[in-house]
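Heads up: the structure comes next, in structure tokens.
Naming follows writing order (A, B, C and D), and every chain is counted from residue 1.
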């Protein structure tokens, strides 16, 4: 209860701050698709995907997701998403954490779908990258094993 | 004062190296070359050499996770030299490593400390430590030299494992790497050779309740697994310190960086033994021996590990 | 040529001296210690075995070969066992790596025997190691 | 949040590659609870050249601490300034600039 209240407040502030500079064209998915990020029902990848895109049906292919087979450390998992599609929205999901949506990219006019980021994973799970091209969703998934890594102090 | 000592010993070391090369370091050179030959042979083709070197590894592991024909220089990367699995993460994280800001902090530490500047006018010295001081007849580690410099200048000692110490050392390492320096350990006297031998004996002697020697895991065991950890090879083990470890930096980035001594302590504890004190003779002689085994390899610190 | 002789001579001397110091530290008799007999709590009694543990662990510590397990040195282990006996407890509470009490404990009997075993084995291992370490060195005793 | 965002931007054959590392604890709900701190993480990142958006992402609590992102875009020349802004859950924002090499 507290948490939801707090989140609402945070988003309000965030929205206000974002509105100030000239980012009027920006789509803030945290604001418009709050439920996809934090929704009480969106705990699985499918549910979050539906909240975000209206469907969870994806076609495998045309998207390349690179991630390690075994993470060196669950706190720093490098991810690389790339695609030649002319999609406008790219999303990254994972099922190792209670909420599954990690990030949503809005591809600008000059943008190229070639994104790298480093994410946290609480345990072994599958990372999924989705590119929305028109009304079709293309995806690629990869399982990343997370163990408590490294010996010695 | 210390600068003079360093300068003079360096000169003497250089001179005696030329004079006595092949005398005091003859055994060490033999050991070094034998270690290179062993390591190269072992990783030439893991799958083919299974009977000799990897009797307990799975087919999948040997085929898909151990690289073939590794060059000597590559062994400085630790287990990432052979572990295909680890390489993706390593390369990605190395692309913009978490320690970059710490190297800059190290530069600030250096620029703000006149005493350190006077003791270490040359910042590209990471590959020259530990060295054998002939006047004092003992091994001097970089950590020891930095603290001695601070104390001589009336300043307080730094923690030998984390904090300012590895941060300054990261700056030295980065400078040395940029200047394309190589590991350059000399054995100038009979006493130095004896220190080297003691370090060697420590490395190869079984210790602790698990009866493991350093070599059990990192010579004979290199490339094998302990649980999910690929054991790194001895060759090149000291070239890249200080190291940023993801597990050390989990809560605070500044804690992520550690000196070689910090890493050694953790490793020796895992052997089931009380580790020697960071600045003890035993530790310094062990590091002296280990660094000699990486002689001629590129200094490539700081680096990042899991 | 003469110079070379002197160099070899000093090197030999230095090696002899250093070899000598390390040899005197470890008395060869440790290798023949009978750990099972020394550390048998039933036949020797807890107090005696704990005294044996303390005696040999002190030497192990001086030699730099003291055992450590799960964040606890053998010295801590012996001290904690002594404390428990003095307090009349039959349990020894284990410490974490910062020296703080954990939730885990073992019986005094077990702790005594293990402390003794660790102390004695450290010395036996050290003595054996002097003879065997070269068998692990590539280019020396290690053949592949 | 005084620490600067580290930015490296390089242009080659018309494509600019930007590597960015923001300085942020990225405390997730679980981590904040454990550390008894307030939850806070970056919720959006935007990069612009000449006022035109070249990168835009809405982010969650699952980005690593001191999050790193890399992105590519067309149409910018060497010498132009890349402006990178992040906003976190509490509404803090930080903007840093770097010339494209």
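Simple rule for what comes next: a contact is a pair of C-beta atoms (placed from the backbone, for glycine too) under 8 Å apart; a residue touches a chain by one contact, two chains touch by 3 or more.
Quick caveat, the model's predicted, so the values are computed rather than measured.
K.L.:
Write down the pair of chains with the top C-beta contact pair count.
P.N.:
Ranked by contacting C-beta pairs, first place goes to A-D.
K.L.:
Quick one: report the Å distance separating chain C from chain D, using the average Cα coordinate of each chain.
P.N.:
54
K.L.:
What whole-Å value do you get for the distance between chain A and chain D if each is reduced to the mean of its CA atoms?
P.N.:
15
K.L.:
Once you find the CA centre of chain B and the CA centre of chain D, what distance in Å lies between them?
P.N.:
Each chain's C-alpha centroid was found; their separation is 35 Å.
K.L.:
Could you list which residues of chain D touch at least two other chains?
P.N.:
65, 68, 70
K.L.:
Could you tell me which residues belong to chain A and also touch two or more other chains?
P.N.:
75-77, 116, 118
K.L.:
At least two partner chains per residue is the criterion; list those residues in chain C.
P.N.:
none
K.L.:
Can you list every touching chain pair?
P.N.:
Going through each pair of chains, those in contact are A-B, A-D, B-C, B-D.
K.L.:
Looking at the complex, which residues from chain B come into contact with chain C?
P.N.:
Answer in residue numbers: 20, 23-24, 30-31, 33-35, 37-38, 41-42, 52-53, 190-191, 193-194, 197-198, 200-201, 204-209, 211, 213, 215-216, 219-220, 269, 272-274, 276, 282.
K.L.:
Chain A touches which residues of chain B in the complex?
P.N.:
Touch list, chain B to chain A: 85-86, 88-90, 92-93, 98, 226-229, 245-247, 250, 262-263, 265-267, 269-270, 305-306.
K.L.:
Can you name the residues of chain D that touch chain B in the complex?
P.N.:
3, 6, 8, 19, 21, 23, 65-66, 68, 70
K.L.:
Name, in rising order, each residue of chain A that touches chain B in their complex.
P.N.:
66-73, 75-78, 80, 116, 118, 147, 149-153
K.L.:
Touching chain A in the complex: which residues of chain D?
P.N.:
That would be residues 15, 26, 28-30, 39, 43-44, 46, 51-65, 67-76, 85, 87-93 of chain D.
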